[in-house]
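In what comes next, subunit A is part of two complexes: it sits with subunit B in the first one and with subunit C in the second one.
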Partner chain A sequence: MNAARKPLLIAALLGALLYCLPFALGPYWQQLGLRALQWLTLAIAWNLLAGYCGQVSLGTGAFVGLGAYACALSGNQLDAPIPVQLALAGLVAAGFAALASVALFRLRGLYFTVGTLALAEALRILMVNLRTFGGASGVVLRAATPAFHQLYWLALAIAALAVLLAELLLRSPLSLSLRAVRDDEDVALQMGVRSFRVKFGVFVLAAFLMGLAGGLQALKLGVIEPYGAYGMSWTIDTVAVVIIGGLGTRMGPLLGTLIYVALSEALRNLPELHGAVAGVFLLLAIRFAPRGLWSLVARRPAHG
Partner chain B sequence: MVEAAIALRVRALSRRFGGVAAIEALDLDVQAGETLGVIGPNGAGKSTLINLISGGCAADSGSIVLFGTDITGLRADARTRLGVGRTYQIPRPFARLTVYENLELAARHARRGVAPASAAPVQETIAERCRRILTRTGLDDVAGTTAGSLPLLRRKRLELARALALQPRLLLLDEIGAGLIERETRALIELIIDLQREIGTIVLIEHVMDVINACCQRTAVLASGRLLTVGATREVLADAQVAAVYLGTGERVPAGAGAPAPPSAPPSAPPAVLLSVRGAEVHYGGVRALRQVSLELRAGECVALLGANGAGKTTLARAISGAVPLAAGTIEFDGARISGLAAARVTALGIGHCMEGRKIFSSLSVEENLLLAVPPAAQRKAAERLQRAYAMFPALRQRRAHAGTAMSGGQQQMLAIARALMSEPRLVIFDEVSLGLAPIAVESLYESLARIRASGVAMLIVEQNIHRGLQLADRAYVLAHGEIRLSGTPQEIRDSRELRALYVGEDAATGATAPAG
Partner chain C sequence: MALPDSAALLQALVSGLLIGALLALAALGLSLVVGIIRVVNLMHGELVVLGAYAAYALVQLTGLNPLLLAPLAALLVALLGWPIERYILQPVARHGAEAPLLTTFALSIILQNLLVFLVGGDTRALDSGLGARRLGTGAVSAPLIYVIAALVALVVCAAVHVLITRSDFGRRIRASAEQPDDAAVVGVAVRRYYALTFMLAAGVSGLGGALLGMVFSFTPAAGVDYLLTGFAVVVLGGVGSVKGTLLGGLGLGVAESLGATVLGDGYRLFIGLVAFLVFLMLRPQGLFGRRT
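For the complex of A and B:
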C-alpha cells in the first residue's frame, strides 16, 4: 500500500514546512500565509458543499460572520481562551446551519442558492440593527491581538483540520452518496440514499469550517463589524478560488488559493483594479478551463 | 397465509398531472414469483405506474402494499430498503460517477439482511457483487468510464445493472429491451428468465412483444390510465380489443395517400446526387467509430442505414449534420462541401435531423418547439409551415400549448419529426424514430414517413428494425464496426447471406450483448 502512503507523506512534509515558515520569513509573508490558509479553509469547505454535493451555497459570509462574532463575544464576555473561542466560532456556525437547513433544504438547485444568499443578507442586516452585539459599529476584542506568527499557526491548524476532515469524508463511502446527490437527487433517493441527511451533514460540516475561518478573522482584526464580517466578499472570493482551481476536485481549492493569493499580491498597489482583474481572470478560467485549472494539470478527467 | 402469495397489491390507485389522469382507480395484484408484463399505448400510464410503486411520485389516492407492508406513504429511499428496485425508461445514470461507482452506490444501499451470507456488507462483498453484475450485464469493459459518456443503449444496460445491485425483491423494468437487435433480444430474454428465478418477482414494461411473450406469465394492458385487461400472456395478446388499442395490424407499411410505396423502376436518367460521403472517418478519443465510409443519396431517394448497435449508424448521421467532426474524408451536399461546417449552417443548407432520443425542449410548448426550428430567413412562412405540420400530425394541433415533453412517447416522436421538417429540408435524417414506441404508434409513424417520402423529400433512415427500414427504402447500406459492409436494393440486401451473419449475429460476434448467467 505504498501508493496510499505517498500522498500522506507529502502532506506531512508540506505541513512541517509550512509550520517552519515563521522561523524563516518575516511578518509580511506570515500575513500572506495567514490569508492564504483562511481562503484554503473556506475553499475546501465550499468545495465539499458545492463541488461534491452539488449544493451551491452563497451563504459563506453568514457562517464566517457568525464565527467572527462568536469568537469575539466569547472572548469578551466569558474570557474564554483562544482554542475555546475558535471552537465556539465553529460550533455556533454549525448550529446555525443545522437550524437553517430545515428550511433551506426544502429548496433545490437555484432556489437553494438564492435562499442561502437571502439568509446571509438577512443575518447581516440583523446584526447591523442588533444593539446587543454592537450594532453597526461592531465589537472590539478586549484581549490583545495575538502575534502574526501565532495567528499563522492557528490558521495552519485550522486548514490542516479542514484537509483532514475533507479527506476522511471523500475517502469514505459517503463520498459516493454526496456525488450521487449532486448528479441526480431524485435517483439517489430511489437508490436508497437518505439525501436529506447527506446534505445536512455536509452543510453543517462546511459551516463549522467556515465559522473557524471567521473566528480567526476576529482574532486577527481585533475589531469586527457586520459589513466586513458578514460581507459578500467572503462568498465571492471563495467561489472564485474554487472555480479557478477546479470545482469538485481534491486539489482545486489549493491550486485556486495559490493563484488567487498571487493575483491579489500582484495587484496590491492597485486596489481599485483588483476586483476587475480578478473578474477577468475568473471569466478566462471559465472559458478556457471550465473544469478548473486543476483539470489542465491533472489531464485525466477529474475524479467525480 | 394467503397474503404471502401476493408480492404487490395495488388498490384504487390514482394519480393526476395537471388535471389529466395518468393512472385512475387502478387495481392490480402481482403474484410472488411471477413476471408480469405491462403493455399499452404510449401515454397509457405505464411509467407513471412504476413511478407510483417505486415512490418516484406520490399517489393522489389508493394504496400500495408490498409483501404485506403498506408502502403508500413511504419515501422512495424507504421503499428501496424494503426491496423495490427500478430502472428509468429514459436512463438517469449518475453522470459524473463511473459505471462501477453507479453500481457501488446502489449496492451500499441495498436491502439489508437478505440472503444468508450478506448480513454485513463488507467492502469485499460489495466489490464482488458489483463485478458480478457488471459481467452479467456486459458492462465489464466500461466499468471505469464515467456514466455520462455512455451511448443510449449502454445507459439502459446500466439502469438494469444498478437496479440489480439493490438486491430487490420486486424488480420494476421500464423498457429495457428497446432498440436491441435479435441476438441481443434473445440474450435479454434469457437474462430476465434467470432474474425471475433469483429475484422472484418482476414487473416488466415492454413494447418488444418477443420479450413479453417469452418472459411474462401474465400480462396487464393499460389504456388511458385504466386497466383494460389482465391475464395469461397468450390470451391477452390474442384479445381483439388489445389488438385494436395497442398491437395494430402488424408489421405492414401502408403506402401513403396514393404514393407509390415500392420504388418504381429507376428512370432512365436518375436524379442528381444530393448527398455524397467519401472516405469519412470519425474518431472518438482513440477509437475509430467510422472507417472509410462512402455513401451516396440522390434527390428524392429514401436510403436506409442499417446495422447492429455500436456499428456507427448514429455517428454517421451526426457527422452528416455537422454534429461531430470528420477526422478524414469529405461530405458534399448538392455539390458543395459541408464537412467542417457548423451544424446550424448545415441545417440552413437544407438538411434536417430528427435526432435519436427526440431531444424535445421540455420548457417549450409544442408550438414553440416547432417555431424554433424555422430558420430566421423563413420567418415569414412560419405560420404556413406550422399549418402544414399540424395537417400532417393533427394530434399536435390539439396539444399545441402543452409542454413538449408532457405528451406520450409517440406524440413526442411526431413532434420531433415535424420539427425536423420545419426548415423545409431537401434531406431529412431520421435516427431511430421508432425506438420505445408501441407497435401501433410505430405503424402510424411509418405511415407518416411514407407520406413525407411521397412529397419528394430525400430521406436517410437510421433503423434498428431491419424489416421496417427495408420496406420503406429504395436502397440500403449495412454498417458493421464502423465500416459499410453491404449496400444495394432492399431485395438484394434481404437475399444476402452476409446480412444474417452481420445483423442477426450468427457469427458469434463480440457485440454488446448480455451473456446470460
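For the complex of A and C:
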C-alpha cells in the first residue's frame, strides 16, 4: 500500500467506526463522545494557532461564545435551519477574529497572549451588560434541542472538518511559513514570509472552528448565558488538552482529548477538583514533557 | 444615558483616586514580577484573591478586625510565593518564554479551583466596620474605609519604592533584573533574589487583595479581573517602576470611575480593559520596554 494513503485509510475507518457509535451505545456514551469531539475540534484549532504558528492565544472562550450566540440568535430571529445556524456560528467567530487581528497582531509573543485574554474578558463583560443579547440571563433557543445522537453526528462532522482543514493546511507549502513565523518571526519576514497574512489566516481559521464548537454548545444546551458561553473554562480545557497531548504535533490533540475525557470521567463526582487536577496535569506536562505525552509515545522529534 | 452633573463627576473623581491607589497596590506585585523576573505572571490575580481569602479566614479564626489582620494575610501569601518561584517557575525558565507563562496559567487554574473546593464559590466580603461611616461633606464624600485603604496603599507603595531604589536589597534585585550574568559574577545570588522578589510581589498583592476585600466583594473567580486590571495599570504606568505603577493605578481608577458614572457600574472593568487594549496597540513594545 502507498505509505501516504495509509493514514487516510486509518482515518476513514476510525471515522466510520465513530459514525456507528450511536447505534451501539446509549445516551451516556453519546454525550461523552459529543464532549470529546468538541474538545478535539477546539484542540485542533488551537494547536494550529499555538503549536504550528506560535501564537499562544488565551481567547478561545471569546470565539466559542460568539459561535454559541450566533447560532442561538440566528435560530431564534431568522428561523435558520441547523446547518445554516452552525455556518453562521463559524463565520461570526471568524469575522470577529478578522477584525480583532488588526489590533491583536500589533502585539507579539507574550503581549499577544495577554491581549487575547483581555479581549475575551472584555467581550464577556460586554455581553453580560448588553440587553440586546439578553444580558446576564442569556438567550433561550426557541427550537427544540436535537437528540443526542443527532448532536453527536454534527459534532463528528465538525471534528472531521477540523481534521481535514488542519491536514490540508499542514500538508501544503503554507505549513513551512507557519513554522517559520513560529520559530523566528523576524527571520521569517526577512526571508519573504508575509507573517501578518500567515497569522491572520490561521487565526481566522481557528476562530471559525471554535465558533462551530460554540454553535454546537448552544444547540446542546438549548439556553446560553454569557458566563458559560464566554467562560474561561473553554480556554483552560483547550490549552490543557493540547499541552498534555503534545503542542505542535498532529496526534497531540487526539491523545490529549482522550486523556482529558478520561480525567473528567474519573473526577465526575468531584467537579470542583477537576479543574485543579487538570491544572496539575498541565503543570507536570510543561515541566517534564514540554512536547506533550505524544512525544513520549512516538519517541521522535515532535516538531515534525 | 444622561450626562451627569459636575458634582457627580467630582464625586467620581474622588472615589476614582481612592480606588486607584488600591488598584496600584494590587498591581504593584505584577509590575515587580514582570519587570524584574521577566515572567508574565498569569497567577497574579489569584495572589490578590488569596490575600482577601486569607484575611477572611483569619477573621473567622480570631474575630478581629480585618484591617488589623491584613498584614498577616499578606505574610501568608508571601510565604506561598517562595516555593512557587523557586521550585515551580525557575525550573521551567529554560524551556523558553512560553513555559513560565503557561505554568503560571496552570497555577492560576489550580489555586482558583482549590479555593472553590475549600470555601465554595459564594461571593464574600470583609467587614471592617467602617463601611457605613463617610468622610467629607455634602456633595463629595467617601466611605471611611476607602480613605484608610488608599492611605495604606500609598504608604506601602512608598515603602516598596524606597526598598527597591535605596536599599542594598533593592540594588541587588535591580542588578539581577538588568544584568543577571554580571550580577552573578560579582556574587549576587540571582536566583535567590528572584525568589525573594516574587515573595515580595506576592505579599504586596495579598495585602492589596485584603484591602480590596474590605471595599468590594470577591469570589474565587475574581482573579482574572485583578490580573487584567493589573496589566492595564502596568501598561499605563510602565513596568518595574513603583512611581509609574502608582500613576497608572490612579489614572485607571479615575477612568473607570468616570466611565462607570456615565455608562453604568457594570462597565467599570470593561472600560479598564478597553483602555488597556488601546494602550497596548499604541505602544506594542509597551510592557517590557527594551527587552521582549
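Methods note: the second predicted complex is superposed on the first by the 301 of 304 C-alpha atoms of A that agree within 3 Å, B and C clash if a C-alpha of one lies under 4 Å from a C-alpha of the other, contacts with A are read in each partner's own complex, and residues count from 1 in each chain.
In this section, contacts are C-beta pairs under 8 Å (C-beta built on N, C-alpha and C of every residue); 3 or more make two chains touch, one makes a residue touch a chain.
Computed from a predicted model, the values in this text were never measured in an experiment.
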**Prompt:** Aligned on subunit A, subunit B and subunit C: do they clash or fit?
**Reply:** clash
**Prompt:** Which of the two partners, first being subunit B and second being subunit C, lies in contact with A:V114: first, second, both, or neither?
**Reply:** second
**Request:** Check whether A:L126 is in contact with subunit B, with subunit C, with both or with neither, and answer first, second, both or neither.
**Result:** second
**Message:** Is A:A180 touching anything from subunit B or subunit C once the two structures are fitted on A? First, second, both or neither.
**Reply:** first
**Item:** If touched residues of subunit A are counted for subunit B and for subunit C, the larger one
**Value:** C
**Asked** Who does A:A188 touch here: subunit B (first), subunit C (second), both, or neither?
**Response** first
**Request:** Between 239-247, 293-301 or 365-373, work out which stretch of subunit B sticks into subunit C after superposition.
**Result:** 365-373
**Prompt:** Taking the complex as given, what residues does subunit A use to touch subunit C?
**Reply:** 56, 58, 103, 106-111, 113-115, 117-119, 121-122, 125-126, 128-129, 232, 236, 239, 243, 272-276, 278-280, 282-283, 286-287, 290
**Item:** subunit C residues within the subunit A interface of the complex
**Value:** 40, 42, 88, 91-92, 95, 97-99, 101-103, 105-110, 112-114, 116-117, 221, 224-225, 227-228, 231-232, 264, 266-267, 269-270, 273-274, 276-277, 280-281, 284, 286-287, 292
**Asked** Which of the residues in subunit A end up touching subunit B in this complex?
**Response** 173, 176-177, 179-180, 182-184, 186-195, 248, 301, 304
**Asked** Along subunit B, where are the residues that touch subunit A in the complex?
**Response** 54-56, 75-77, 80-81, 86, 88, 92-97, 101, 104-106, 108-110, 146, 162, 166
